[in-house]
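Some structures are shown below for you to check.
You will see two complexes here that share chain A, one where it goes with chain B and one where it goes with chain C.
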Partner chain A sequence: MLNLKSSTTLFKSLVVSGLLLSALAPQAHAQDAAEKGYEIAKRSDESDRGFKDHKVKMQMILRNAAGQEDVRDMRFSVKEEPNPDLGDKSLIIFDTPKDISGSALLSHAKILEPDDQWLFIPEDEMIKRISSRNKSGPFFGSEFAYEDFTAQELNKYKYKYLRQEACPNVPELTCDVVERYPQYERSGYARQIGWVDTTDFQNRKIEFYNRADSLIKSLDFLDYKQYEGKFWRPHLMKMVNHQTGKSTDLVYGPYSFDNGLTENDFVKGVLETLY
Partner chain B sequence: MDIRQLLCGLALGAAALTTSTAAQAGDWYIKGFMGTEIRAYTQDAKWQGQVNNPDISLILNPEFRYKSEDRKHRVNIIPYMRATTVDPERSHGDMREAYYMYLGNNFDVLVGANKVFWGVTESVHLVNIINQIDLVEDPDQEDYLGQPMLQLATQQDWGRITAYMMPYFRERNLQGTEGRLRARLPYDTDKATYESGAEEWHPDLALRYSHFIGDFDIGLSYFHGTGREPTFNITSEGKLRPHYSLINQGGVDFQYTTGAWLWKLESIIREGQGKTFGAAVGGFEYSFYQIFESDMDLGVLLEYQYDGRDDDAPVTIANNDFFAGARLAFNDVDDTEILAGFTFDQENQDSFISVEGERRLGDDYSVELRARFITGADEGEDLYEFARDDYVQLRLARYF
Partner chain C sequence: MPSTDKNLIIRYAEMIIRFRWLVIALSLLSVFAAGYGAQFLHFSNNYRVFFSPENPELRAFEDFQATYTKNDNIMFVIKPKDGSVFTSSTMAAVEKLTDMAWYIPYTLRVDSVTNFQYSYADGDELIVDDLIYEAETLSDEEIAARGEIALNEPLLKNLLVAGDANATGVNVVLQYPEKSITEVPEAAKKAHAIADEIRQEYPDLTIALTGVSMLNNAFADAGQKDAATLMPLMLIILIIAMALTLRSLSATFVTTGVILFSLTVALGLSGYLGIKLTPISVTAPTIILTLAIADSIHILISMFHNMRDGQSKHDAIIDAIRINFMPVTITSLTTMVGFLTLNFSDAPPFWDLGNITAMGITAAWIYSLTFLPALISLMPLKVKVATKAQEQGRMSQLLDRYGQFIVRRHRIILPIITIVSVALICAIPRIELNDQWVKYFDHSLTFRQDADYGLKHLTGVYQVEFSVPAKDAGGINEPEYLTHLDAFADWLRAQDGVRHVYSISDIMRRLNKNMHADDQSWYKLPDTRDLSAQYLLLYEMSLPYGLDLNDRINIDKSATRITASLDDIPTAQVRQFIKDSRQWLSDNAPEYMQSEPTGPTVMFSYISQRNIESMLKGNTIALIAISLILVFALRSLPLGVLSLIPNAVPILITFGLWAIFYKQIGMAAAGVSAVALGIVVDDTVHFMSKYLRARREKDLSPEDATRYAFKTVGTALIVTTIILTLGFMVMAASTFLVNEQLGLMTAATMIIALIIDFTLLPCLLLLGSKSTSAK
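Moving on, here comes the complex of A and B:
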């Protein structure tokens, strides 16, 4: 049996040899960066484990390059899926624009396969199963793509740790900067660079690079508040498209957690009873 | 307007209102739209009595909705009114919805008039049978009259089952003598006849099961009662009098969603109108996303329609036809969308062309353009009677 001192020595030598190895072998270094990146993303993901469900009202403000605004109001509810190999279930109900008021989008997120999605159209009392292949298309005319909403599951990406620095929009916090690469099909992005703070492990900013690897959009997560003593939620998300000058703000009201939502609140049949 | 229906709806609404307000404080909200519409025909009318003038309409469609605080009690009251300049039969009102609904944990109960839609296909809605078609609204048969019903539904892990009991039958709204888009002989809209001795009070029943398994969505349905499609008898005054038969109908609707493909199938078997027959419509919608590096999506649709009914059954034009369509969604802030469709009859070579476009104008307005054309319909063919009723229609709606 090793005594404490020798185990410390052993540890040191392991670290030293590890450093040497990584200096000598860039492959091993890359593996470390991937692992570290994954660990940071996982820690962030785990900080949100156990929220069960949440409901929130939100406003989507679409701004064109000239600064003209269009506003949409919607309600958003999410049920957590405890198994990390499956995705969360979510329901978005539109209150405005008035002509589509009552429309609803039900999503069953998957990890690498396409999500299951149904649209409810109140005018015709019609439920339509829709294709979720259109990952990179605009979400209801906004600067958010469908995948920006649905692709927040840990295992949808591979990761690479880049560096540590002050968080871009909260300089008093330190951020880990992690690059991530979508693993699901038909993403519009080659990569994304994310800033995750080292205090609360929350996403602070994401930069999106298109398939041609040029920076197209950036998303700032602002106005974080804590609920139930552990779950952090941003109350303003600002997406700016650097190529078109358009932007979209998502302004969230207060969240309510643990509303007792069940599987039956997120089945196709429920769409018939919402409106 | 059918006064009994209106009164029935109002009574139900009032009863529901009392029940729900007694049960729990909640919120009423009022929304809906008012609109003006002009429909201009490109040719002079073919049949005696029809008017050539464009049809100008005012439409009012308010929605009164109540939801209790605990969301268990709901009331919807949605009247619909259209006043037009040409055809008095097209000036009409209806209770699209007037119901009270209770939502339990895995069941719900609805009493009153409601609109129900079943099915998946684009070109024809075979399995959709609960609501009567409001034919004077639009020849596309996608507008429906509110159907009085008691509806019981349960949601289980294995799907949703709904039972409908319908105590009162709604007659199809048909064009008046002045109206376009009618048959050669005018309709006798006052005196429908029924197979059932109880006439419009025959209790109709329906059952529906719907669920999804992975990429598959499936619906099964059964209907027993007075069929919504009329046959016509010629009266001594030379008018077409609608007759409604008792029918049994089983239906299945199915969709397989894979990648950018939606594969769709609807099929029915119906007994009670001529010889028992089957009908089916099937096809696909395939989407090209972000075409030409824009935000626009283009969907292409192809469906085949088959119907095996004989001459004793109500006439259908969708008996051996191909439908090809294209849907262009701009994905812009105004939700601009254009849908164009072409239905081609394999046997008679006549065809029907429809183009619909709509977009929002600011926060409160929307504009919609519809154009419909019939080509190649010779005497004796399905669409011949409407061959000169091509039209272009523009609607401006204000939402409140």
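Moving on, here comes the complex of A and C:
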């Protein structure tokens, strides 16, 4: 790891020797970059450890290339999973549009397998388990995939450190730029490039590339606020689809932390009681 | 002409000879400076260039695409040597191709029978998964069972699976950033590479590539092929024609220089102006070559004539310039006016054709009066007096006898030619406008072969799109909406020439069935809005990347899209279909569900009409402008007005003949008159000016003046008509139907114009002059 406090001469010589090393041993260099990328992602992941649970209202604003807009409201609660090899559990309750009000989606995230998901259909008073292999499909007709706005599970990806530069959206911060490659089957993305700041270790921007390696979407994390003196949360996530010109904003209300949610609040049976 | 003008022209010609080295140097410099711009020329590869930004059908379609997604696509049509596609091996190939298609640049989604998101119920579970996954691990029985599902799925049958199961398709939807001209060829190249790889691995499969992107790519292919074959062919024909008429190596050399310079300047300036080449505008060089030669030939023929009369070379050149300055200027001007009126067209490629050609004509006019006399004055010239005179004698004797015949029989000839003309013109309404854009490309092009193959075995590229609005946001889930949507889809399916209809109502039926333990009796639309909305939510949550419904439902769920895929039917039938579907909606669906059909097929269905409408105005203006030029040039109001008849009639007769022999014509119809008019005028000008000179200067009677005109310009008219006809016949050899029709019609107009100038025109002059001479 580079020590930023070292003198510039030392820094330069480090860079030079780094370049020499990279020329001599590309294999070792690749390994270093992978390790460093992983470390940065891990540090970001760890910065959020111990939040236990949170609840938040969110609003989804969809826009198409013709400039039309649609707004949807939902409530989102998440319970942290302390074991990094397991995913978090989350529940989304849909409030608007009216015709789906009361529908609720329960997810048990997995790392490399498809998530377990159940949807409650109030009109039928029926719970349906959703079985789908692919995680990167659009959520609710938006530009977000479900995985794009839920917890960024550390082991879902392999990493590669790229460089350091001023953060997009917050130029006063420095960002590590890390490339990551989805490890689960049938992802729509070939790679993603993420910007993580070196102060609070939060995601500032992610770019998504498809298999033909063109930039398809970019996600900006804006309006970060700190809760409990510890946990950072963005209050606006802007996803732009560069291919279609469509975009989706996710606007979050204030989060409430440590609501005492238990495993029992995230079991299938609870879906019917919400209605 | 006032004598001061004559002196001015003589002085000009003398200056050209005196400063000939400078003139040659400046000519070369201007050619290189202008020609430098040719490097900026590129072939356009987007069918949208055929529509002006104001075109209402284009604008409707742009709105449609902004609401849903772009629908540029590449369709892989896959067919095994024999039998069903539902075998383990073929499905493995389709699965592989589906996967590889994601690597085509700018891909937005890939649909095939293997990745079709099939939903079914399993206890309390809704399973949404690829219809066929890892085909190699499945037995032929298992694959056949999936095939059965596919053939019963309205979203697949006749779109991605042929009704007889003998062919299948992989449809790739692309969205180009439209920043670079290389995007489409890039995607097409990758698609070809993928097809090649699959063919190699599965030699039993035939794979054809069709779709809008391949069409777009074919525009550049067709244009390049034409540019590579037609231009050289034209040049060879012209050089032979020059050698025959001029009988001089030096003169042929100089004229070749003039036409090549004109071509270079026109193309170079087009490059600077950022004009994109299309299969239509790429024919401009052929036309420029054909037209540019005329100025030079007129000047050189006069020069040889003067030299045969014993003038020195320099005097002969100066006199040739003096005689031809005005006629060459007038004919260049009228031809230019004709081509410039193409700017009235609704299709920008016609603007480009008109403007490039007009620049070429201007350049030819300038170089014929500068570079040509300057260079020819330096060249060795030999004149074979005897043979030339003999032949000319024989020809003018023949023409003189013909002139006598006309003079004697004009009272009988006039009514006959009038009746024949009127009869032919009356046939025009029989013409049927047809623009099936696959048929724009001839069979020598791979795109045409592949598109025909796709149409024959699976599905075509002709699609009509509807965005059917609902009452409000989320309104697509209303039972009233879905019921009418479903009925509309059924009605569309029942229409002749409709091969497939994609409607969201089929997904709703399937979901309802899934939610009721796959009970077939529930294969119907859900009863309430909330139910539909919640089923749709469930389904949407299950769809993978690239297979979502965003291209089918707009964002606030206030409209869905219906796509009707059509057979290879003439555009007249498409227009009827469009009318009928509008009528059906207005008769059967609620007010808010009314929808305008859109898409490239709709745009092309009206392209001819739009262009003809816009060109009618252009042609009227051209006719008036050209008549005014003639009034000025002939210094006679009645003759200027009279010239309208021999100028307009040949074009009308051509349309009449076309109606009788071919019936169908595409958007070329709109361009013919603009291209032909300015050229046809030249013959009239030459004939009338000779007639007038005989009347005014030689004081001959109308009868003798007519004979004089035949004797003096008859040969020239026949020779130039032959050259022009050949030129446009070369254009008719294009791989692009619009050019073929434009070339053929213009060539026919040239011949008919000659006939009219040899029959109707002298008869009219004799008739008109009777009254004046009687006074």
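Keep this in mind: the second predicted complex is superposed on the first by the 246 of 275 C-alpha atoms of A that agree within 3 Å, B and C clash if a C-alpha of one lies under 4 Å from a C-alpha of the other, contacts with A are read in each partner's own complex, and residues count from 1 in each chain.
Criterion: a residue touches a chain if its C-beta (ideal position, glycine included) is under 8 Å from a C-beta of that chain, and two chains touch if they have at least 3 such contacts.
All of these numbers come straight from a predicted model, not from anything done at the bench.
When the two structures are aligned on the shared chain, A:G229 is found in touch with neither chain B nor chain C.
Legend: residue contacts after superposition of the two complexes on their common chain; A:E125 is shown touching chain B, with no touch to chain C.
In the superposed model, A:G137 makes contact with both chain B and chain C.
When the two complexes are superposed, the chain touching more residues of chain A, out of chain B and chain C, is C. When the shared chain is aligned, no partner comes close enough to touch A:P82: not chain B, not chain C. In the superposition on chain A, A:R211 contacts chain C only, with no contact to chain B. Of the two partner chains placed by the overlay, chain B and chain C both lie in contact with A:D70.
When both complexes are overlaid on chain A, the residue A:G245 reaches chain C alone and has no touch with chain B.
Of the two partner chains placed by the overlay, only chain C lies in contact with A:S103; chain B stays clear of it.
When the shared chain is aligned, chain B and chain C each come close enough to touch A:L62. When both complexes are aligned on chain A by C-alpha atoms, chain A residues 62, 64, 70, 97-100, 124, 126-131, 133-134, 136-138, 140-141 touch chain B in the first and chain C in the second.
On the chain C side of its complex with chain A, the touching residues are 63, 65-67, 69-70, 102-108, 122, 124-130, 175, 473-474, 477, 515, 528-535, 537-538, 540-550, 553-557. The part of chain B that touches chain A in the complex is made up of residues 31, 33, 65, 101, 103, 105-106, 108, 115-117, 120, 142, 153, 155, 157, 159-160, 210-212, 214-215, 217, 255, 257, 259-262, 287, 289-290, 295, 297, 331-335, 360, 363-364, 366, 397, 399-400. Contact residues on chain A toward chain C in their complex (touch as defined above): 62-70, 94, 97-100, 103, 105, 117, 119, 121-124, 126-134, 136-141, 145-146, 186-189, 210-212, 214, 243-246. Contacts from chain A toward chain B in the complex involve residues 62, 64, 70-71, 96-101, 114, 116, 124-131, 133-134, 136-138, 140-141, 263-264, 267-270, 272-273, 275.
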